[in-house]
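Order as written gives the chain letters A, B, C, D and E; numbering starts at 1 within each chain.
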Amino acid sequence: MTVNYNQEVSSVNSFTFVKLLMTWRGSIWKSVRWELTMWILAFAVVQCFYRYLMTENQQRFFEYAAIHLNVRLVHIPLTFMLGFFVTIVVDRWRSVFTNIGFIENVALSVGTLVAGTDHAAKVLRRTIIRYLVLSQVLVLRDISMRVRRRFPSMESLVTEGFLYRDELEKMYKCETMYNKYWLPTHWANQLVHKAMFETKNVDSVQSMNSVLMNIKDFRQSMEMLTKYDWVPIPIAYPQVVFLAVRVYFIICLISRQYLLSAPPTEAQSIVPIMTILQFVFFVGWMKVAEALLNPLGEDDDDFECNWLIDRNMSTGIEIVDTCHDSCPPLKLEEPDD
Amino acid sequence: MTVNYNQEVSSVNSFTFVKLLMTWRGSIWKSVRWELTMWILAFAVVQCFYRYLMTENQQRFFEYAAIHLNVRLVHIPLTFMLGFFVTIVVDRWRSVFTNIGFIENVALSVGTLVAGTDHAAKVLRRTIIRYLVLSQVLVLRDISMRVRRRFPSMESLVTEGFLYRDELEKMYKCETMYNKYWLPTHWANQLVHKAMFETKNVDSVQSMNSVLMNIKDFRQSMEMLTKYDWVPIPIAYPQVVFLAVRVYFIICLISRQYLLSAPPTEAQSIVPIMTILQFVFFVGWMKVAEALLNPLGEDDDDFECNWLIDRNMSTGIEIVDTCHDSCPPLKLEEPDD
Amino acid sequence: MTVNYNQEVSSVNSFTFVKLLMTWRGSIWKSVRWELTMWILAFAVVQCFYRYLMTENQQRFFEYAAIHLNVRLVHIPLTFMLGFFVTIVVDRWRSVFTNIGFIENVALSVGTLVAGTDHAAKVLRRTIIRYLVLSQVLVLRDISMRVRRRFPSMESLVTEGFLYRDELEKMYKCETMYNKYWLPTHWANQLVHKAMFETKNVDSVQSMNSVLMNIKDFRQSMEMLTKYDWVPIPIAYPQVVFLAVRVYFIICLISRQYLLSAPPTEAQSIVPIMTILQFVFFVGWMKVAEALLNPLGEDDDDFECNWLIDRNMSTGIEIVDTCHDSCPPLKLEEPDD
Amino acid sequence: MTVNYNQEVSSVNSFTFVKLLMTWRGSIWKSVRWELTMWILAFAVVQCFYRYLMTENQQRFFEYAAIHLNVRLVHIPLTFMLGFFVTIVVDRWRSVFTNIGFIENVALSVGTLVAGTDHAAKVLRRTIIRYLVLSQVLVLRDISMRVRRRFPSMESLVTEGFLYRDELEKMYKCETMYNKYWLPTHWANQLVHKAMFETKNVDSVQSMNSVLMNIKDFRQSMEMLTKYDWVPIPIAYPQVVFLAVRVYFIICLISRQYLLSAPPTEAQSIVPIMTILQFVFFVGWMKVAEALLNPLGEDDDDFECNWLIDRNMSTGIEIVDTCHDSCPPLKLEEPDD
Amino acid sequence: MTVNYNQEVSSVNSFTFVKLLMTWRGSIWKSVRWELTMWILAFAVVQCFYRYLMTENQQRFFEYAAIHLNVRLVHIPLTFMLGFFVTIVVDRWRSVFTNIGFIENVALSVGTLVAGTDHAAKVLRRTIIRYLVLSQVLVLRDISMRVRRRFPSMESLVTEGFLYRDELEKMYKCETMYNKYWLPTHWANQLVHKAMFETKNVDSVQSMNSVLMNIKDFRQSMEMLTKYDWVPIPIAYPQVVFLAVRVYFIICLISRQYLLSAPPTEAQSIVPIMTILQFVFFVGWMKVAEALLNPLGEDDDDFECNWLIDRNMSTGIEIVDTCHDSCPPLKLEEPDD
């Protein structure tokens, strides 16, 4: 489930921030807790080692190294790498999310233009919707681990009622080494075509083409998803950014130690409070990028594909069947306004 | 109400800025006043504590800590976090705002293509508009707190005249665990379909499909709003940015104190004027991001959803009913310019 | 009038820059001249005050303050605030400018699909164009001060020939507390509808829907303009940026004074040449943002709305009337190239 | 001609870079050579002046000035001005380039939907294409200097065969103080309309509207070009950026001189190697912006408008005439794969 | 083949990063290995030269030079050049990738609207698909080296079955000095037109225009590819960025040597660990830009054009022929839900 906090920020005041900050799911706290704990432990270990186990000569060498590294930490352009990278990742994430297909458009089109109140017409409309959601399930199975776990095999689609056994056999018969996401869409198209020329449920070729266009738009948004899955951001880019952040803080384990030889004007703190803050901000920022890199993954903030499938199936069926005939009569006799 | 200042900046001159600066509603002054006051108070308290209540040893320790923290403040990359974050938030805000649905397009289409000057035709057109605005109200109720307060229950929709009682019952009858934003749109579609094939108010299937397409576009802009509400910017991102700003200025409470031991070349000011300016600029910048994060919220600068609903209802009814038949006659006898 | 310099930069060479630099209208020179003059005067006044009117003790205090402020000037993140802000403003400006409606699309559509060479047909087409330009004038009157000054009242629209008196009365009759931009568009739609079903000037419902779609596109671009006018960039953002720039240079009045106590290795200049350059660049950059903030305002670089209205009216009438029948005969007998 | 180097970068390896670097046309070398030469000469002149012509006192003053300026060079935010500006210019450049109109879409539409294999039909289709390319020439003449030089007068359009004499007279007859780019498009529309209702070359109003829509799209892309020409990036923005770069390096002529009084730990170089590198990178970066500012200009990297015109004319004629009837027969008897 | 790592980042945890980091194909490691090795060797050679082969005087001069260069390295604005450049390159790369044409849309349209189950109808549909994929092959041959190698000559298209010999001759007959990518599209259009008016496989002109529009969309995405190939990012931009990175690290060969005369507080390291890290991050970042500059090239991360062609051909044929008639019967008798 994505983490929704819109109500909490509906108005800016000083409490907005506190409420926002105390959210746990999907939060910066949740994402940095392990790495921060490990880093602090490592820092303490290095500190003990340096203070109690080293000879004086070793200590002096350690101090030289710490100063040397600390001065050169600026060579790692963490801020800008993260800033530019996150911007790109957020752009991509937004494209994915505007291409998450909702069924309403096509269902409303089918519900209006594929007319008929008899049983056959209802089954026809239901089947079109079912095929469209099915094509979405096929796509999402190959993209989202959560959907894959829910539908581990094609058989499970039959069990869950997205597919009848004879349809599954038809699918198997259609042999291709490439994906078959298009097959249910093709069936839906054929049904619309038949509704026009055989059962006359569609009133005209114009209306038929309207329905087909809506089906095409639905399919196309799923094609975009497969494209985004097929071509991720080139791997070297996240590698270089994520590596830079980690290496930076590994070097900090040495370079940010408080040195015994430091002048007394430096507070002799043993808790590197500022480095811990820096860790939280940079690693937290990086975690945003990591979470958004695969928007259909399994993070707290990723899209809820299984919810989407159920919702599309249910809403689609409501529109074309259950509530199809629910239009209230016009109030001719009531006063205007 | 959004704060409009376009007339004030219609020309660039030295007064533009003064006028712009003295605006209160939605301004930086209004948004930072409390936090700035609290920060200054806290700063004064820390100062008194440091100057009058500490022993000399404690003062020396405090001074060490202040220097230590001040030097390391650069580790918090405030500027870039805010810059990149605000850019992303502004992009999102603009998308929301271009998807705020205005009724004109679809109303003009209904007004032109659903013909007829008799009472039944008028009621038909009015009802279509009413259903479309109703679907907008349903969406906005779930997104905007202001609209929710205006329409706390479905009953209130009946009271305000957006819905008749029998229509409300139809809505209740349509059972689904997901939202029903689409139901009024579905009804509007059905009315257009009937206007074509039963009452013959629509001249052709082409015109019917034009109207349906315009209805679809209107609905789709609201679907985008629900998507933006469903999937906010991942919570960790605002958390990390807003936290960084706050932590920065909390540390400043100590690190920017003027030290008794400072060399006399440093002006012995007790008012941290530069830090206050920095506070205004950074917190002001951050407040922009906070205000835009939820564009349909309750800040001075957020969209006026209730105004929009009334406007859409009123304008829509004008177009399809009150002013529907107002087209002036052609001036055949007048000279051509 | 926007300032056009494209011909001057058609090729990159060393003179390009000089030509570009010496442009006056809309230039950086014109926009910074007053503020720069005032700043230099203020700087000179402060300098005299510091050098000749202060006691030695006051001078020492002034010097402490100057050093103190100068060191802390880096706390104001001018560069990035401006960079990010200008990017956002330019994006918005470009959206406005691609939504400035040109009449050609819709006029060519009307000219082709609303056929007939008799007087009535010509008047019909002229009237459609007039209504569309009228709707544009209504929108621009509320957005652009220049257009407002040209058309201070609805009466002036009659005087200038955009509206007949009886049409104005029809407009008054249509009572609404919201804007009526849509009314002329509604009339144009009605005329197209009548041309189809009454006078048979339009050949088919397909062609009628094509024309209506083009009218819709024209209206929609104006709707975008009203949206951009309705929802400006939240006021706190320009406030924080413009304030930061001004405060920065006000502080410079003190902090950049050349101190009498400065070591002799610092050139004892009394003209702060580098600060003046900095002023030109930063304030010039800021002026770009100020000028673009309201693209339909009255700066040298803003869109010429009055020119646009005249142009649209004239071109529209040419297309549908004056040059309507000018298509040359096919050259059947001439050799094919 | 744009400079194409795609084949050279088809794979990343260490030689890619060398090949890329040694390109001359449109390269950084070509664009900075003159200014770099002049800068180096000026630097040498200043150096000689400082070392051999100044008295010791003057030298000391020069040194003070040099140090003073060098320290304050950071006040000119070159990097970010260039970075943000180039991003905006590149965005605009890309918009222009996606609106460069290729004729294929509309030619294929005309070739398919305006049927007929007799001479009259061929002339009809050829004329439509000629009018469309003509309208493109009219637009480009006013935007691109190269096209203007090729077609200095309307007469030259007749000579080159884009226009017949009687058509030119028709154009002259259509009097307007605004541009007439739309006139040939209008003629093309009229021809399509006649092909439908007079010569029956178009099969139906649907097909006619398809062709008209494609013509509209072609015209609209040219309208975008005229808009981009009409409203360039506000002049103050390039002024402030280009000025900043120049002023920066003019100051460097003094501030980067190696001072006789410098401590011996500074290498006594007389060639300012790092400043030259800086010059190459910053001025090269700026040249990118200068070249892209007017994408239809005369730089090595600008669009080849004359080539485009010839290409569109030739390809258009091929599609609707020469190769119009070239569709090979179906292979009914051949085995399916 | 693009390198897919989406499954690996489906959830953010501490192992995500390790898995991501250890990928080899397309990774930062693979792209920097040679240059890093060479740089380290060069660094070692310079070091030996400086330490063992120079006289003391030469050493002192070397040290002066090293300090001089090191201090001035900040003049090369590496971070921002790379940041802004990579953002632009990524934007362009994404545009290319959303214009990679998938055949499904047009194939589903042909499969639905070009009806008929006899042999002739099947051959007709297969031929349309073949022509469309052929036009894609023609475009990609001129853009992608990989596709060019697979189809070195037009003859090879015949051998691979994309073209029959008589069709090739038709192509040769169509003489033009410009590309002929449009010819197969033209043929496909003609076939659709004939299917409508000769063989009556298409039911109506509306459906015909739907199919033609889908063909147009497919062709247009390929036109965009040719445009991106025709107009790359102006060569001076990658030159200046890539040169800056190389020059920076060449200077580092001298400036980052550890000097014998350095004070003992600097650790006397002979391995420049921080510079190596900097090298990895900056060159790795640059390699991202180099790889994305030509998205259809031959890097690990470039689009797999040959795979795309095979996939489109196979899927297209499946849709319109093999699985064309596979729509399962409606389940009228089965219980709803």
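What we mean here is this: a residue touches a chain if its C-beta (ideal position, glycine included) is under 8 Å from a C-beta of that chain, and two chains touch if they have at least 3 such contacts.
Computed from a predicted model, the values in this text were never measured in an experiment.
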By the touch criterion stated at the start, how many steps lie between chain A and chain D on the shortest route? 2
Taking shared numbers over all numbers used, above half giving same and below half different, the chain B and chain C interface sides are different
Rounded to the nearest 5 degrees, what is the angle of the rotation that puts chain A onto chain E, matching CA atoms? 70
What's the distance between the Cα centroids of chain A and chain C, rounded to whole Å? 39
Chain-centre distance (mean CA atoms) for chain A and chain B, in whole Å, is 24
Which residues does chain B have that touch at least 2 chains other than itself? 31, 80, 83-84, 87, 206, 287, 291
What topology does the chain contact graph adopt: line, ring, star, complete, or other? ring
So if I start at chain B and go to chain C next, what's the full loop of chains? B, C, D, E, A
Report the residues of chain A in contact with chain E in the complex, numbered from low to high. 31, 34-35, 38, 61, 64-65, 67-69, 72-73, 75-77, 80-81, 83-84, 87-88, 92, 119-120, 122-124, 126-127, 143-145, 161, 164, 166-167, 170, 173-178, 181-183, 185-187, 189-194, 196-197, 205-206, 208-209, 212-213, 216, 219-220, 223-224, 227, 229-240, 242-244, 246-247, 251, 287, 290-291, 293-294, 296-299, 302, 317, 321
Enumerate the contact residues on chain E facing chain A in the complex. 2-7, 9-14, 16-17, 20-21, 23, 25-28, 31, 78-80, 83-84, 86-87, 90, 94, 97-98, 100, 102, 104-105, 107-109, 111-113, 115, 203-204, 206-207, 210, 214, 264-269, 273-275, 277-278, 280-282, 284-285, 287-288, 291-292, 301, 303, 311, 314-315, 318-319, 322-323, 326-328, 330-332, 334, 336-337
